[in-house]
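Following this message is one structure expressed as structure tokens.
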Amino acid sequence: MMDSRKKRPSLAVEIAGIKMKNPVMPASGTFGYGEEYAGYLDLEGLGAIVTKGLSLKPKAGNPTPRIAETTSGMLNAIGLQNVGIDGFIEYKLPFLREVNTPVIINFFGNTLEEYGEVAQRLSDIPEIAGVELNISCPNVKQGGIVFGTDPVCAHEVVAHVRKYLKKPLIAKLTPNVTDIAVVARAVEEAGADAISCINTITGMAVDVRTRRPRLANRTGGLSGPAIRPIAVRMVHQVVQAVKVPVIGIGGIVEAADALEFLIVGASAVQVGTANFVDPSAMADIIAGLEKFLVEEGIEDIRELIGSLEL
Amino acid sequence: MMDSRKKRPSLAVEIAGIKMKNPVMPASGTFGYGEEYAGYLDLEGLGAIVTKGLSLKPKAGNPTPRIAETTSGMLNAIGLQNVGIDGFIEYKLPFLREVNTPVIINFFGNTLEEYGEVAQRLSDIPEIAGVELNISCPNVKQGGIVFGTDPVCAHEVVAHVRKYLKKPLIAKLTPNVTDIAVVARAVEEAGADAISCINTITGMAVDVRTRRPRLANRTGGLSGPAIRPIAVRMVHQVVQAVKVPVIGIGGIVEAADALEFLIVGASAVQVGTANFVDPSAMADIIAGLEKFLVEEGIEDIRELIGSLEL
Amino acid sequence: MKNFKTIILSNQELSPGYYRMRILAPGFGAMARPGQFIMFRSRMSHPSLLRRPFGIFRIGHLPPDCEGQPPKEYLEILYKVVGRGTSVMQELHQGDRVEVLGPLGRGFDAGQPGEEKILVGGGIGLVPLYMLAEELMRTSPVRLLMGGRTRDDILAVTEFERLGVKTYVSTDDGSLGEEGFVTEALVRALENSPAATVYACGPMPMIEAVYQICASRGVGLQVSLEALMACGVGACLGCVVKGAGHSDQTPRYLCTCKEGPVFRAEQLDWSRLGEENGYCEGCKS
Amino acid sequence: MKNFKTIILSNQELSPGYYRMRILAPGFGAMARPGQFIMFRSRMSHPSLLRRPFGIFRIGHLPPDCEGQPPKEYLEILYKVVGRGTSVMQELHQGDRVEVLGPLGRGFDAGQPGEEKILVGGGIGLVPLYMLAEELMRTSPVRLLMGGRTRDDILAVTEFERLGVKTYVSTDDGSLGEEGFVTEALVRALENSPAATVYACGPMPMIEAVYQICASRGVGLQVSLEALMACGVGACLGCVVKGAGHSDQTPRYLCTCKEGPVFRAEQLDWSRLGEENGYCEGCKS
């Protein structure tokens, strides 16, 4: 016991077969395709790299203004602007290939078929360690309904993707639901190897002088420290509802925030908006986790996962 | 038009027949029974006074810790501690009777029957201008389900109360739902004269050293500026779904925040957590609203309600 | 003048991790009673949403300046840097704008004149005892038993001595005064003057030990408690402690902010007080 | 040294509502190009979540102090108090801890040596033009046309004059220099030297007017744009403007933070630029 304090604690975790040096990775859409932050932190120090959400074809995204700051949060309605799968393979993958860190591709489709098609295309790219399925983006409406807000639709899309995908599959849930545990059980049953949550919470802000919404898209997704207590609660619910590992997301800024998610049972975490505020945030969080383990005399971070005392 | 800038703009509004000098009132549970703040602001300057939630019998509430601060928000699990109807009439009403401001009683029950009984009791108190029905508190579980998260249950409880209540009825909605518009339509149909929203959003925070939830109740309701964009979005949705007036609540700290709610269509607003931070907050907000109207050359605040430009 | 905007006159480190802040507060002394507190926030930027509660250490006056103006009244708080709010406080400067809500709560009861008064302070818990000592010294002999982990936690003792208070210091590590707990000093003190009244403020384990000592000897005790607070005025019901006679059937909650922070020992339910009010993030003290 | 923690050397009001902040930044000058910007935040407390973008006004050196230390390098920003973030900035003091991310973005292109350069600045839009003037003055004649609503909005013009830049001031109300818009001065200036290159930074209506003037005369133009920014490094895609040839079918978005903030006029889609980037809360300028 005393000796354990001397050797460096282990931060390694494994999610759906993806081995990570530590449980910290960027949240999709907040870290570009990795390259944007290469000058600010060591990408090989991260648990994984999660890309901006990709779709089959390039996507232009929404008109501006696309972001609005709110109290301890931000709204975004980027509209899933991305280079598309071909653009990704041509322009972004070559850089990521050289980085010794698992790459997780976040993706979405506009129809069930498109989801399947993207899954198939991604299956053929060897450099990809796993995929994260975005069924939860509040900005993209599919005939008015968002896949992830309905357990039946969520099951359908995950099952469909599962059929075509030969990679570990992480299903990313939306928080804009009455009971996230129900959706979590549905996607687990449909074959997800892991669950990540939460995506952004739909919000709105108004410019009181012009009387117009502050986002061209009217509403957008709220992220940042403002939503953390909601995210911690939902991750706690999901962990109790399913057996697959859960990745906690929402408002993580510092190591203590990441610890909250791990303690309620997340096996790893994603850091989103905090990257914008401080490009070295994830490096600081990883260092902070190690420091915490040393201080508490914990040898392996996995001992901490789900250690909540009730 | 030029002259209008000289005379004082009108701030008066009317909600469900309750005439208010201005659209600003405290949110239930954040202003005690009014008396607590009498030394800090002029209670007669408020649009209305909304009391702490009352139940048939006194209620002890939850064990401590009951509150936890989060980034730009707070979690509470007070557990609806209150003096009960008789206690209210004996100890609290005499003070309120002397204040020339409409009094709105917030109340809840543990069963449908209890809701009805409270409604009947309240109907007999002449000093009460209206009641606000809390069907949304996330801390009180009723066989595991919260009335307000299900449109059918929400309809049932409002219809039941409506039967016994001879006062204007405001139904207060919970934000912990997939689609708040559906619940709003249900309570409108059941006979609510107005709708107020939002109540707190369920959240959780963990003490990473002790690994215990920071609230004895484990989860609690998130309030404060952190939730404002979510509240504005939901009020916007509700306003478009129903015809009855809507009272906007959630994270209002200053006049500009109140204006966001009015512009998306709220007929009045409630200020909650901000009272804790600054007991004069509502007085400042009312003054700020008047200043805004003067600056913008608006004669009557009702012109602003629902003035959102899309 | 209970919710006022004002400025900082000075903000200086007292001992490692402890600061003394002087806040301009004309007319404050006439309102404030020993044991009361304020809710504080910086107006410039709010690192935190809620205000922070701090005991009133002392009321003072700046010497009149050359233009023959009346002396400026100020209030003084002593604070320990423990978290986000207090970390930012330590970086505030003279002239920075702040907001003060107070004086709040119920203070100490001076008790019988003449009878000895024993003040027991643990670390930053010393704060509310200074104004109390000022008041008690007018009518009674006063002793201060001051405890802390190390010498760094022993604050402002000379200021009590200047009032004429007899002070006894103990530290856990013996780095100042006697080695040991302040409660040991209390046991000895009560052997000499069993008829005294005790006033205590400090960490919960100290308060509980003091309660045991006084209760078993039938000595009168007033304690100043801390609790998580949102409003400070009795509206949020966040800061409650269980009162004597509390049970789930007949709940008797007391607001620390309004019915306290000072309580007579008889008012409280001591059975699980420490356990249930041990809210500090990982603080084992 | 692109994301660094440092301290404020000074923070002084320049003219009502405008401040100059000097930030200690060793080695910064070797990296920074005219037209680049930084993302700034206070470390002490964050009134806002996101950092705020500010142009780099100038790099300078403090005179070596008595101990014969090398002169300290600093960067200077000029800022206008407009909202929450900048309101808190004005209350920061010497020694306060801050964080700087930068230099960021693409700066100005110096163009052909010898050919006249006309700089057009509107209000706080003057900022990125100073380092540009320093660079251009080495090879070309440089004129500054500076506009603002009133004399209070005319900043740092003497500093440009000290570089040898010919400066012309106009104000909307005639309170300093000529009465009228800076664009009128531009029209006149271009009559005299039609072969010049124009560099402009200021409010969007000014930028659009400058564009019309230059486009109709075939004069080369570089503009520095503002946009709402979250990351400043091209990751969030919040700050995009439409590039030339943009259509819904073939979207051509450019990140203001990474591909800008300086753009050659030809790069942009001017059709609805002003309208779509009019993000300022009720700002009609």
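Just so it is clear, A, B, C and D label the chains in written order, and each chain counts residues from 1 on its own.
The definition used in the following text is that a residue touches a chain if its C-beta (ideal position, glycine included) is under 8 Å from a C-beta of that chain, and two chains touch if they have at least 3 such contacts.
Bear in mind that the values here come from a model prediction, so they are computed numbers and not experimental data.
Taking each chain's centre as the mean of its C-alpha atoms, the one that lies farthest from the centre of chain A is C.
For the pair chain A and chain C, the distance between mean C-alpha positions equals 46 Å. Centre-to-centre, using mean CA coordinates, chain A is 34 Å away from chain B. Within chain B, contacts with two or more other chains are made by residues 71-73, 208-210, 225. Multi-chain contact residues of chain C (touching two or more other chains) are absent. Judged by the touch criterion defined above, the protein chains form a single closed ring in which each chain touches exactly two others.
Across the whole structure, chains are in contact as follows: A-B, A-D, B-C, C-D. Interface residues of chain D facing chain C in the complex, by the touch rule stated above, are 42, 44-47, 88, 91, 93, 96-97. Listing the residues of chain B that touch chain C in their complex gives 29-32, 36-37, 39-40, 52, 58, 60-61, 63-69, 71-74, 76, 78, 81, 207-210, 214, 216, 224-225, 273, 275-280. Taken together, the chain A residues at the contact with chain B in this complex read 70-73, 75, 149, 176-179, 201-206, 208-213, 218-219, 222, 225-230, 232-233, 236, 251, 253, 256, 259-260, 263-264, 292, 296, 307-310.
Considering their complex, residues 2-3, 41, 48-51, 99, 101, 227-228, 230-241, 248, 251, 253, 258, 276-277, 279, 281-282 of chain D touch chain A.
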